[in-house]
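What follows is subunit A paired twice: with subunit B in the first complex and subunit C in the second.
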Partner chain A sequence: MPATPARPDVILYYPIGYVDKREPYRESDGRIETYSNSITVCWDHNSGIYSENPIGGTYATPNPFNANRQFIALEKSFLKQLEQDPDFIQGANPYVLREKMKLSANAILAYAPDKISLQLTEESIFYTLIKDDITLYLQHCLVDELDGRDEALISIQRNNINLFNYGGSLPEAIVHIKNFLIPQYNPVPEFA
Partner chain B sequence: MNYPEEILPGIEYKQINCDLSGHFLLRFVETSDPSKLIDPVTEKLSVNAICSPREHIQDLSMNLLGIFKADYMHLAFHKSVYGKFMEYCDPDTIVDVPIFEKEFYHQPNRAGWYIDINQLHNKLFSYQKGNQDLTAICRIIHSPMRWNYWHFSIRWTTDQNLEDMDLKQRNNVAQKIGFAARVQFASLARMQPPDCPILEKACYCKN
Partner chain C sequence: MSLPSKITPDNIKEAIVEVRYDSNTTFEVLIGIFFQAFDDSWFYTTRPYQSKASPLPTVRQNVSQEVTLRIGSESLFYNGKINIRVLPGSFVFSCLNEYIGWAAYRPEIEKALRIVSSTGVIANWSRVGLRYISEYPGKDLKDCLKFSFSFGMPEIASETMAFRSEFNYKEVKVILNLSSRVPVAIQPAPGAPINIIPTSITDIDVIRDGLRTNKVEDLLNIIENCHESEKELYFGMIEEKFLTTLKPEY
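Right, the complex of A and B next:
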C-alpha cells in the first residue's frame, strides 16, 4: 500500500499493477489526484507538471483538463461533420444527435484516452481511442434496431491482438469497457 | 486504353479451390483522400474505409492480387453496363472485352488496401451480443464476375441459426460480425501493394 510521499507534489505511490478504483478528487490546495491501473498518477496544479515515478515504471498520466479539451475537440469535430452532411440521419433532430454524442463522448473520455477521434458514419458515431497499449473502437448507433435504446458496438485490441468484441446497449458496452480500462472519472451513460 | 483481358473469365479457366497461402487480396475504396483513408489515432487504415457499416461485410468484394495488378483497381464501369459486367458468372464464361469510354473508364480517385489471406481464411471471430457469446468464421471464396475472373468474396458462417431469424435479427447479427471484422481488417490491412506470387496455372486452368 502507499508509501509516504517524498515530495510535496506527489500524493501517493502504488506499486505497478496495483488497481485503485477510487474516484479522483481535488485536494484543498488545488492538486487533483487521479488513479490508473498501472501506477499512481499525480498532477501538480501549480506547476502543471506530472510527478516523477520514484519507484520505476511508466505513468499513465491523465490530465484532468485534457478530458475537457478533448471533449471540446470532439464536439467541434461532430458539429463540423454534421454541418457538412446535413442528411447524416434524415429527419433527425440535430439537438438530439448532439446530446447523444455527448453521452457517448463523455462516457469514453472518462478513460482519459491518450488519443481519440470521432467520425460520423452511416447512422453512427464512430470513436477510435488509444489508451496505453489498448485501442478501443466504439460505434454508437444512433438509430436503434432492437429495443429502442441506443446501441453500441465495441472492439478492443491490445497491440493489434483482438481482446473483445461486443454489441448491445450503450450503457452495457460502457460497462464492458471497464474490464479493460479503468475510468478516471465516472461515466454515466444510463440515459442513452 | 485497352482492357486487361487476362482478368476476364475464359473458357480455359476453372473455379479456384487450391491453397492460397502467401497470397493477398486487394479491395479498393472510392476515395484517395488520405484523411478518409487513414485513422488519425491509429495511423492505420480507417475502419470506415474497409467498407460502409451498411454493407455489413456479409459479402465483401475482393480481388486476388497477382495476375490482377494493383493498378486495375482504377477500372470503373458505367452504370449502364453494370448488368453486362458486374454480375457473378461461371469461371469459364466467355464475355465481351469491355470497350474503353463506352463501357469502362479510368477512375483515378481510388485507393486500395491489401490483406494476407492467411490472416483471414477460416479464422474465427468471437463476439458478444448482449449476454450471448457468439462466433463467426471467415471464408474466402472465389466468386468470378463478368468483369474480373480474379474476384473473390469474404463471407461468414456463424454458430447462429440464421435461417430461423427474421430479417431484422439477421441484420443485427451481421452488424455485430461486421463491426468486429472491419476493426480486425483495419488492423491487419496494408496500404502498400505487397510482393505477391502469381498463382500456379494448375490452380486456375482446366488443363
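Right, the complex of A and C next:
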C-alpha cells in the first residue's frame, strides 16, 4: 500500500497534557516535572495567531490567558498602592514606574506561578511568587545607584530551605531565575 | 431537547472567544482609535511581548546566557468582568477571573464589539471562534462523557489517552480534543507534599470562518450560534449520570 502523503498544512504537536520527561528540571533535587494546578494547553492552530509550541517542557507553554490575568492583577495592585502613596519615590514619573513594574512582573510571570503578589517597599517593588513547593522573592529596586540600570535581589526557597540568592542588575537577576527555574528560553527586555 | 443554562460546578477552565477582523487602517493607529472609543469603565494596559517556546528541546547549559531584546507590547483592555487582547486582525476575549457564565459573558463581549464597530474602521468581520476547555480532576473521561476508546488489542486498557477530531457540525467547523487521566500535580497547601491527580479534559473549539460582513448584529448572531453549537456538542457528549451530579438548571 503506498504511503499516505503528509498534509503540508498539518503541524504535529504533542497532545494536550503531554509531559515531556526528557529534561526534568532540578533532577538532582529529586523534584518531579509537573503541571501544577492546571494542564498546559496547546494553544496551537486551533485558535490562530496566539500559537505556542509546547515542545520544550512543562513551562514552555504557560497558559497566556492565566498570565494575562495575573499581569492585570499585579498592575491593579501596583497602581492602587501607588495611588495610596504618591510620595513613594520623590520626583519619579508614575508612567516610568509603571513601565518598570511591567517589565519585572512580565519576566517572572514566564514561570507561570501558582500565586504571585506585589508590595511596594522603600524605593522598590517586592514580589512573592509561589510555584509548587518553591517560593521566590524578587525585590526590584527602582532607583539605580551605580550604572543606571535597575537592580534586583532574589531569594529562592523550597520548604523554607534557602536554595539560591543573587543581587545585581534586573536583567541578570531574571536570567538567574530563568536558569534556576525554567529550563528553556526566556526573554528579558531591559527598560530603555 | 432543552439544554441546561447552568451547571455547578461548571469545570470550565477557559472560555475564549476570538473574533477576527479586516481593516484598512494600520494596527498602530487602530489601537489609538480603540483607546479613544472605549469609555472609562474599561482600562487599558500593555504587556511586554512573550517569547515563543524554543522550537527544539534545549540543553540548560547552552541557554544560560541567552537574553533577547524584543521591542513592543501586547494591548489589553479590561473591565471588572472580562479582558480583551487586541491583536493585529483579531480580538480575543476571556474572563478576567473565573468563568462568569454566558449570560454575563455575552453582554460584555457585545458591549466591546459595539464600541469597536462604532469606530467605523472595521471593514469586515472574517472569523469567529469559541473555545471552551473543561477539566475534571480525579475522573476518567468515560465517567464524564459518552466516549470509549479501544484499539486492535481490546484487552489493553489505556492509563492515559488523548483524542483529537475535526468535523463539521451545522454551520461550524469543530476541533475536538479529549484527554483522559492526564497526570496533574497539585500542592494542597504551601509546604505540603505534591499530589498527582489524574485529570480529564474536554476542549471544544467551534469555528465559523469565511465571513463577509461588517454589521455587528450579524456578528453577534454568529457568536450566539457558535455558542449554541458549543453547548449542543458538550451536552450531547456528556454522560447523563454525570450530568445529574452537576445540578443542571434549565
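Convention: the second predicted complex is superposed on the first by the 122 of 192 C-alpha atoms of A that agree within 3 Å, B and C clash if a C-alpha of one lies under 4 Å from a C-alpha of the other, contacts with A are read in each partner's own complex, and residues count from 1 in each chain.
What we mean here is this: a contact is a pair of C-beta atoms (placed from the backbone, for glycine too) under 8 Å apart; a residue touches a chain by one contact, two chains touch by 3 or more.
This structure is a prediction, so every number in the text was calculated from the model and none was measured.
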With both complexes superposed on chain A, which partner does A:E75 reach: first (subunit B), second (subunit C), both or neither? second
Partner chain(s) touched by A:T135 [first = subunit B, second = subunit C, both, neither]: both
After lining up the shared chain so the two structures overlap, which partner does A:V143 touch, if you call subunit B first and subunit C second: first, second, both or neither? neither
Of subunit B and subunit C, which one touches more of subunit A's residues? C
Kindly classify A:N179 by the partners it touches after superposition: subunit B alone (first), subunit C alone (second), both, or neither? second
Give one of first, second, both or neither to describe whether A:K102 is in contact with subunit B, with subunit C, with both, or with none. second
Contact-wise, after the overlay, does A:A67 reach subunit B, subunit C, both or neither (first, second, both, neither)? second
Is there a shared patch on subunit A that both subunit B and subunit C touch, and which residues make it up? 130, 135, 160
Subunit B-touching residues of subunit A, taken from the complex the two chains share: 115-117, 119, 121-124, 126, 128-130, 135, 137, 139, 141, 145-146, 153, 155, 157, 160, 162, 164-168, 172, 176
Which residues of subunit C touch subunit A in their complex? 13-14, 16, 18, 20, 45-60, 63-71, 73, 76, 78, 83, 85, 87-90, 92, 94, 96-97, 129, 131, 133, 135, 160, 162, 164, 175, 177, 179, 182-187, 190-191, 194, 196, 199, 201, 203, 205
For a test of understanding, state which residues of subunit A touch subunit C in their complex under the given definition. 15-20, 22-23, 25, 32, 34-39, 41, 46-57, 60-61, 63-65, 67-69, 71-72, 75, 102-103, 106, 110, 114, 130, 132-133, 135, 159-160, 171, 175, 179, 183-190
Which of the residues in subunit B end up touching subunit A in this complex? 39-42, 46-48, 52-54, 125-130, 168, 171-172, 175-176, 179-180, 183-184, 187-188
